[in-house]
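One chain, chain A, appears in both complexes that follow, with chain B as partner in the first and chain C in the second.
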Partner chain A sequence: MTSRKLSKPADLPDDLRPILADWLLAAADDVFLLGHRNSDWTGLAPMLEEDLAFSSIAQDEIAHAQAYYLLVSELTGQPPDKLAYGRSPVQYRCAHLVERTDDFDWARAVVRQFFYEHYGWLRLQRMVRSAYQPLAELSGKIAQEEKFHLEHLDDWAVRLGTGTDESRTRAQRAVDKLWPDALCLFEPVDGEQRLVEAAIFPSAGCDIRRAWFEEVSRVLDRAGLTVPSADGMDRSSCPPGGRRGVRSESFGELFAELAEVYRIEPDARW
Partner chain B sequence: MSKIRENLPGPADGQPLPAEPLTRVYEVFLQPTRNEPHVQVGSVNAADDQMALDFARETFGRRQACAHIWVVRRDHLVGTVYGEDFMERACDRGYREARGYQEVRRKWEQFRRKGDVDEYQKDDLKEAF
Partner chain C sequence: MTALHEQVWRTLEQIPDPELPISIVDLGIVQHVEEADGHVLVTLIPTFVGCPALNVVQDEIRRQVGLLPGVAQVTVLFRYDPPWTPERMSDRGRRTLKQLGVGVPDRSSCIGVRVAAGQTTKPDRPVPCPWCDSTNTELSSAFGPQRCRMVYYCRDCKKPFEQFKSM
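On to the complex of A and B.
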C-alpha cells in the first residue's frame, strides 16, 4: 500500500498505467452500454414522469462514461470517441449484465439497473478513496448523482414487487433471469489486484460480493421477492467473461446499432 | 428509429382498465433558492408521496435552480370557486392596494445599479460630519 498521492498520469508507475486504462474501460463500458440500453425507453416508459426520470438516468450514465473515457484518453492518448465506438468487441470490458436486452419488459429494465446500481455504488465508495486523484475527484462528483439513481431503482424494485400479481411475477422472473449475470459484475479485469495493492482501486476492507448480496437482499426482501441462492457468491473468480473480452450473444446487435453512425465516418469531427 | 424498438409489443387488446386509478395528480411547488418563496411549477402523476417527490425532482428540479420542493396531492388542496369570487369587488378600492410596495425593490435595485447610492451616501456623510 502506498499513501503517495498520484495527481496526474505521469505520476503512475509505467506498468500500472495500462492496467488502470483497462480497468477504467470496464467502468466506462458498463455505464455506456447501460445508458444506451436504457435510452431505448425514451418515449416508451410506463408513464411520462418515469420516461423523463429514466431518460435522465440514461443521460447521466452516458455522461459518466464520457468522463471515464476522458481519463483513459489521458493515459493512452486515444481519442474518447474512438474508445467509445471504435474498438473491436473483444476490447470491450463491460459485464454481460449491461449487454442484455430487456425485450421491452419494464421489470427487466428496472432489475438490470437495480442490480447494477448497487454494484456501481459499492465500486464508487472505493473509487472516491483512490490514490489516483483524477479518479477520486471524478468519483466524488459521480456519486452525488448515483445516490439518486440508487434511491430511484430501489423504489421501483419495491414498487414492482409489492404492486400487482403481474408486476410481481415479472419482477421475480427478471431477478431470476439476470441473477447469474449480476454475480459476474465482480469479475476482475486482468491485473486488478495490482491496482488494489497500489490503492488506486482501494480494497473494500470486506467481502464486496457479500456486501452487494446483503444490500440487494434487503431491498428484495422489502419487495417481497425471493432472493436467489447465494451459491456462487463466494467464488474468488468468475469464468472469463465480459471483463476479459468474452462477449455475450446480446452484444453484437447492440454494438452494431451503437456504433452505426460512428462507422460511417470514423474520423468525422463533431 | 431504433431497430430494437421495432420489437416493442403493442398494448394488449381488451384488457380492462383498473377501477381505481393507479396514480394521482400532485401539484409541485419549487423553491429556486432558500431565500425565495415556493412557486407552483406544474404537476406530476404518482402512485404515492415518495414517488411524487422523486418525479418532481426529476421533472422540474434538474434543469433549473432548485433548493427545495413541495408536492401536494391535488385533491388535498382546498380552493375558492371561480365565478363565486368574493375577491371581485363591486366598488373601486384601488386606494387600498399596497401596489407601491411591490415596486420599491425594483426601484431600489435600479437606483443602486446606477451607482448613485454611493454618491448620495458620500454627500450625506459630508453633511452630517
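On to the complex of A and C.
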C-alpha cells in the first residue's frame, strides 16, 4: 500500500491507467444502465411520490455515470458521449444485474435497485479513500446523494416484505430471481487487484462481498423475507460475466433503445 | 486582494442561480476566485453532481465577468472537494428561500462528509415549516421535484413545503 497522493492522470503509472479506465467504466456503466432502466418507471410508479422519487434516483444515477465517464475521458482522451453510447457491447463493463428487465414488476425494480444500492454504497466507502484524488473527491460527493437512495430502497424492501401477501410473494420471487446476478456484481475487472495494491481502490474483493451479504441479510430479515443461500459468496463462483464484456440476453434490446439517437446522429450537440 | 478580484466577487454576487431566486454566492457554490494579469479563475462546487443548472451558471459567469474592464480570460472549474452542503448557504439566502416556502436545514443538522461514516439522512430533530414555523411536520418524500430537495407536509397550516436535503 502506498500513501502517495495521485492528483491527476499524469501521476498514475502508465500500466495502471488503462486498468483504472476499465474499472471506472464498470462503475459508470452500472449506474448508466440502471438509471436508464429506472427511468422507464417515470409516469408509471405505484404512486405520485414514488414517481418523483424513482425518477429523481434515475436522474442521480445518470448524472453520476456522466461524472465517471468524464474521469475516464481524462484518462483515455475519448469523449464522454462516445464512451456512453458509442462502444460495442463487449466493451461495456456493467454487471448483468443492471441489464435485466423488470417486466414492469415493481417488486423486481425495487429489489434490483436495493441489491445494487448496497453494493454501490460499499464500493463508494472504499472509493472515498482512493489514492487517486479525482476519484476520492467525486466519490465523497456522490456518497452524499447515494445515502438517500440506500435508505429509500431499504424502506421499500421492508414495505414490500411486510405489506400484503402479494407484495411479499412478489418481493421474495424477485429476491430469488435476481440473487445470482447480485453475486456477480463483485466480479473484478481484469487487473483490478493492481488497483487494490496501489490503493486506488483500497479494498479486497471478498471483504466487500461479505459486508454486502451482511447488510442485505439484515434488511431482508427485517422485511421478513428469506435470504437465499450464502453459497457462491466466494470469488470463484462467478463465470466471466459483465465486468469482462460478456453480455446477458437482456443487453441487446436495452442498448438498442439507449443508443438509438446517438447512432442516428453521433455528432449531435445538445 | 486586488480591486479586480473584489469586482469579480461583486459580479458573482449578482448572478442568480437559474432555479432559485438567490445568488450563487448566497447559495454557497463559489469556492474560490483567483485573478492574475486579467486571467480570472472561478472554482465552483456543485450542489449536486451534474446539476443541469451548472452550464447556465458557467456561461453567465464567463459572460458577466468577461465584461469587467481588465479581464482577458475567464475560466470556470468544477470541484467536489469540499462537497457542497446546505451549511454553506448564507443567512440572506436562507431568509429569501424561507419567504418562498423552501426550508433550509440549520447548519448543525447538515451531515456533510459524515454521511460516509454511516449516519442517517433522517433529521434528528423536527423540521420547522417555512410558512408558519410549526414543527408539527412530517416527511412526505425524501425526493422532491428537484434533486436537491425533499417534500414535507405541515400538519398545522396544512401546506406542503420543500426542504433542502440535509446532506
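Heads up, the rule we're going with is that the second predicted complex is superposed on the first by the 264 of 270 C-alpha atoms of A that agree within 3 Å, B and C clash if a C-alpha of one lies under 4 Å from a C-alpha of the other, contacts with A are read in each partner's own complex, and residues count from 1 in each chain.
One rule holds in what follows: a residue touches a chain if its C-beta (ideal position, glycine included) is under 8 Å from a C-beta of that chain, and two chains touch if they have at least 3 such contacts.
Just so you know, these numbers come straight off a predicted model, no measurement behind them.
A.B. asks: Looking at the combined model built on chain A, do chain B and chain C fit side by side or clash?
C.D. replies: When both complexes are placed onto chain A, chain B and chain C end up clashing with one another.
A.B. asks: Look at A:Leu138 in the shared chain and tell me whether it touches chain B only, chain C only, both, or neither; answer first, second, both or neither.
C.D. replies: second
A.B. asks: Just to be sure I read the superposition right, which of the two partners does A:Asp40 touch: chain B = first, chain C = second, or both, or neither?
C.D. replies: First partner only, chain B.
A.B. asks: Touch test for A:Pro89: chain B only (first), chain C only (second), both, or neither?
C.D. replies: neither
A.B. asks: Once the structures are superposed on A, label A:His152 by its partner contacts, choosing first (chain B), second (chain C), both or neither.
C.D. replies: Touch partners of A:His152: chain B and chain C.
A.B. asks: Look at the residues of chain A and decide whether chain B or chain C touches more of them.
C.D. replies: Counting residues of chain A touched by each partner, the higher count goes to C.
A.B. asks: Could you look at A:Ser56 and tell me whether it touches chain B, chain C, both or neither (first, second, both, neither)?
C.D. replies: Both chain B and chain C are touched by A:Ser56.
A.B. asks: Which holds for A:Glu257: it touches chain B only (first), chain C only (second), both, or neither?
C.D. replies: Only chain B; A:Glu257 stays clear of chain C.
A.B. asks: Thinking of the overlay built on chain A, is A:Asp103 touched by chain B (first), by chain C (second), by both, or by neither?
C.D. replies: first
A.B. asks: Going by the contact rule set out at the top, does A:Pro266 touch chain B (first), chain C (second), both, or neither?
C.D. replies: Neither chain B nor chain C is touched by A:Pro266.
A.B. asks: Based on the A-chain superposition described above, do chain B and chain C contact any of the same residues on chain A, and if so which?
C.D. replies: 49-50, 52-53, 56, 148, 151-152
A.B. asks: Within their complex, state which residues of chain C touch chain A.
C.D. replies: Of all residues in chain C, those touching chain A are 46, 48-51, 79-81, 83-85, 111-113, 115-116, 120-122, 140-145, 147, 151, 165, 167.
A.B. asks: List the residues on chain A that touch chain C in their complex, please.
C.D. replies: 49-50, 52-53, 56-57, 59-60, 62-64, 66-67, 124-125, 128, 133, 137-138, 140-145, 147-148, 151-152
A.B. asks: Could you please specify the touching residues of chain B with respect to chain A in the complex?
C.D. replies: Touching chain A from chain B are residues 2-5, 7-9, 23, 44-47, 50-51, 54-55, 57-59, 62.
A.B. asks: Can you list the residues on chain A that touch chain B in the complex?
C.D. replies: Within the complex, chain A touches chain B at residues 40, 44, 47-50, 52-53, 56, 101, 103-104, 148, 151-152, 155, 159, 253-254, 257.
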